[in-house]
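After this come two complexes, each holding chain A, first together with chain B and then together with chain C.
On to the complex of A and B.
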């Protein structure tokens, strides 16, 4: 591999003469069980989440579907689905990937494996209870924070158990120079603890905030959870795997730093639509913050253009690389769409249409889920010391890619059309709704493909796990003989 | 994992990625400077002056105030403000503070805050010339008569407005009061002087 002259390669030298170099195998072994627990439950929640999502999609085509059962009415299933996807899948996957990156980049063994396992156990118990409460009608009503407020302390405590171990691992790192992925991971760990504790205090602890403060905190939390916490995790994984697999250094740590700080600063303001019922300076600041995220967008684009230039041929070489490239591409599209929608003229057209749903789904499935899959295809075989099934991996990739594209194009085009139709008062509202039926049908097809892709990953994961267990049993039997 | 069985795959792990030290392009930094400038223009247009009472679709506190329904007094004062801003404010200034060498102040003026319009009503109708002491300060200027320009109601509205703005607190002036003054002034075609006005009772 060509290595540019700007490359600083401290990784090639031993860190200190008196401590022996830790091998990658030892690092992977140190995080095996905590990460398997985090990834395993994350994937199960992901599957449950998309199945719940599909139940809701079915209600658009067959309104009577499961309508008699109060547990499966649209509002409850929607809240349960978002909780399963964000807390069950999103945060656990980002924690798992984050911990592994901290181990690998810091050349330090994972600290507190048992604590992480206990934290994971409690986290999953809390999310399970929370989702059950939602289906039982206890949803809080705050978007992306639907689990009832009394689950908050358990969630926060178990999150902290895991996050603190990550911070300690980072603290004990042998490799002192930090790499951009580590910034994103560490910031994400702090960020969730911060926003979740603040939102829980303001929204659930009496005296709870009312009115403008209540709405703005809810919007702020929801936006930061997806765009910053999950966004940072996805970017951390992309920033790591693309240079790693290409065997080239990242073009510029300064550009990465610019992207990191501007995204943390401006990306966190957004999420409040123009015309929200609050003093207009709040939505105006939110829109401006979102528009300013053009800075990290450009910085990341330049960075990866230089890092990958001329290397796109190697795309089909590695499944992790494929997923990471596509995730990066979808991050660009989704962020660009968010920026364009922040302009008042466009926002007036697209707010409350499928257009915004398309953007959010692209971010969650196209960017975050695909980046996580890419990372897990790299990490899981090393944890289990067994190869994944390449055919299932290929099916997973193509089903996800096509599914996300079809779903996105369906809802995006349908949503834009819906916005234009809604602007004309001569159009009857019911007619406008009827015009969205075809796009929703198309996107349901995409959703089915996404479910298929996720099922492939699930099978691959548990197949690897089962084969590993069999191999272990065999080895033990032979050892007995 | 020290002793691996032979059938286990060995994963190739290259060195951990490192980050180069290429600088951020200067043109990008300059472009961001322009973006921030544009951002300020955006906030000027959309942030409603950062006032807590300005919601969509209004753009400023003034827009919000203009959209409020007015009672009769409010409508009367609004008419007064409109006429004052069109005409009187050229010399007396929109903030009522007057201008050195042009016009004495109205804000906090003892003439404006008389019990009624017996004196200032005459000033507006017929004008004023010669030395005059306003709030303890001497002025020597001339004001033109307005009786041909404004109707009784308009003069009453202007007087009510200046008596109730910029911290002034005074009674409202009615159109009938001005009508009486106009009749009293009759065909007077010279401006008033301060001693003449002061000889009139303060009512």
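On to the complex of A and C.
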């Protein structure tokens, strides 16, 4: 790689040399309240999402658990959980991290803090209403787009309120050269607005699409929402924090660019299961796109191998670094699994089994949630000007890591076993499902640990917030005296 | 595109926001043309077709009102979280070998579905042809208590779709006949399916992708029994076989 690495890692010093009046503290102060609102509600939604997930896991131990109440049937809770995790937590966390990165890297103060606060308020109101509607039986029936169609305009409008402020912040940047993280963030902002409006138009605005076109659109949307929108956000924070905390420049911004553009091009094709009842070129294109994501995978791998080589010793120094490393690792595993499953020989075995669920959970909890936690452990102390409790942070890290691993291995092994057993028509379906129940039940132990980890983060976050409020009150009282 | 974005110092930089925007627009356009517009142009206008030559029997048939209500119950409870509604071709999965269907599913099977709930995971079996496997009373009993019909089923029960009530002068004709394996009810009581349960059972019994189509021809060595069964007029498939 002969490319010179001119882009320095984002420096930790007071931000700018050519505009000395703006300091990092001022930048952080400009985005304090909007980001606290976004992160606070995101973490609460995350907790609610995993608790809902645990209710569903319990049904694999006791099928009759909460069966009397229509709101808590497996399907409704499943839909509510995915909405809480993706819209409540995922998008809000990605917006928060994205806005902060745009401020920091562009050396510009956040534009439109009040607009963002109002947008956040409406977004949370819409997601709350949407999740309640789902539990009440109003789910739309489309995977990962389960909130009823009439919530669409509110969601889109409040998202745009926040996203436009992000784009304006980027536009007003002092530092004209863009760092890879900024591309990822900007791409994510555009991407969600685009896919959400297309999917809502096609699926909910009459005349709606007919037949399996709906399925194609819904799967395309769902794949783009997780792999591109959330994926880009996670990668943005990894691309920023790992070089920054190590104090080394990113190995090659060419490779980062290659990864970015190939991921944008090929990563957005996918999500259609093999053998879906539609013209076979559609699943084939999806599989092809997924297989081509091997290019960004390799590009990111080379880039980070060179960036971090010999620096693994410093792993236990910083909690953000730990989270970011593990998130990157899980991104590799999850993406590699997705690529392998796109080959027909493997796909025939794994489609419709727990194996794909394991991959999706790894992406969401192992990669995205870990990367977001890492970013928040860096950003929150700067917003609140108070340090997090290191013990809780450590507990958070280990519980999350072990929980994700146990859950992933349980579902992965169970899913592979399920696929192999189902290939033999002599095995009865119920027998196969019973055989896969044990690993699935083991995975609920992992889910419990993930809940514990998230609870640690929640306590840490609100503890920091409370301590900050107390400190402010004291300062005010003393000032009055 | 890469050389466009090459900065002065050799690094890959996006100095100009518009390049980033244009590049992204191309990527977004490529993926949405492939998975939204192209499918719509090819299969968005699919219509019913003659399944049996020279007979005015169209497939798929227009769903009856009660079937539609049942589909709404299916959607509201998100049954698609555990059940798929799609049979894969022989080379892409063992669905046909397992006897889940008569043929693989094709786009035309779903033209009246709103929303189309193909499902992505099989915690329970595929339901594309459940109407050919189960009758309404079995389905109702299965919904009330899955383990009454299938040993060791892991499906949760749906008691809220049923009503336990005192038997009036005459027992309800719809009341469930509970098998001896279940604990007996108190004397003078019966379990009667609510409207939602009945319409869901109607919907499920209507699920039968049995008509062979041009795009989904019968297998090479079709069994004669299967052929006569599956050539039955599609119009009858909406009414549950009682």
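The definition used in the following text is that the second predicted complex is superposed on the first by the 460 of 481 C-alpha atoms of A that agree within 3 Å, B and C clash if a C-alpha of one lies under 4 Å from a C-alpha of the other, contacts with A are read in each partner's own complex, and residues count from 1 in each chain.
Note that in this section a contact is a pair of C-beta atoms (placed from the backbone, for glycine too) under 8 Å apart; a residue touches a chain by one contact, two chains touch by 3 or more.
Computed from a predicted model, the values in this text were never measured in an experiment.
A.B. asks: Applying the document's definition of touch, where does A:253 land relative to chain B and chain C: first, second, both, or neither?
C.D. replies: Touch partners of A:253: chain B and chain C.
A.B. asks: So, A:299: does it touch chain B (first), chain C (second), both, or neither?
C.D. replies: first
A.B. asks: According to the stated criteria, A:76 is in contact with first (chain B), second (chain C), both, or neither; which is it?
C.D. replies: second
A.B. asks: Which holds for A:213: it touches chain B only (first), chain C only (second), both, or neither?
C.D. replies: In the superposition, A:213 contacts chain C only.
A.B. asks: Of the two partners chain B and chain C, which one touches more residues belonging to chain A?
C.D. replies: Larger number of chain A residues touched: C.
A.B. asks: Applying the touch criterion given at the start, work out whether A:274 contacts chain B, chain C, both or neither, answering first, second, both or neither.
C.D. replies: After superposition on chain A, A:274 lies in contact with both partners, chain B and chain C.
A.B. asks: Taking the superposition as given, does A:285 touch the first partner, chain B, the second, chain C, both, or neither?
C.D. replies: In the superposition, A:285 touches chain B and chain C alike.
A.B. asks: Where does A:386 make contact in the superposed view: on chain B (first), on chain C (second), on both, or on neither?
C.D. replies: first
A.B. asks: Should A:309 be classified as contacting the first partner (chain B), the second (chain C), both, or neither?
C.D. replies: Neither partner.
A.B. asks: Looking at the overlay, does A:24 come into contact with chain B only (first), chain C only (second), both, or neither?
C.D. replies: first
A.B. asks: On chain A, what residues does chain B touch that chain C touches as well?
C.D. replies: 4, 6-7, 253-254, 256, 258, 274-279, 285, 344
A.B. asks: Considering the complex alone, what residue numbers of chain C touch chain A?
C.D. replies: Touching chain A: residues 1-2, 5, 7, 9-15, 17, 20-21, 23-24, 27-28, 30-32, 34-36, 38-40, 42-46, 75-82, 84, 86-89, 91-94, 97-99, 104-125, 146-147, 150-160 of chain C.
A.B. asks: So in the complex, which bits of chain A are touching chain B?
C.D. replies: 4, 6-12, 24-26, 29, 104-105, 107, 175, 179-180, 240, 243-244, 247, 249-256, 258, 274-281, 283-285, 287-288, 291-292, 294-295, 298-299, 302, 306, 344, 381-382, 385-387, 471, 475
A.B. asks: Report the residues of chain A in contact with chain C in the complex, numbered from low to high.
C.D. replies: 3-7, 59-60, 63-65, 67-70, 73-76, 78-79, 137-143, 146, 170-171, 176-178, 182-183, 186-187, 190-191, 194-195, 198, 202-203, 208-217, 219-220, 224, 253-254, 256-258, 261, 264-265, 268-269, 272-279, 282, 285-286, 289, 344, 347-348, 351-354, 356-357, 422-425, 429-431, 433-434, 437
A.B. asks: What residues of chain B sit close enough to touch chain A in their complex?
C.D. replies: 1, 4-5, 7-9, 11, 13-25, 28, 32, 35, 39, 42-43, 46-58
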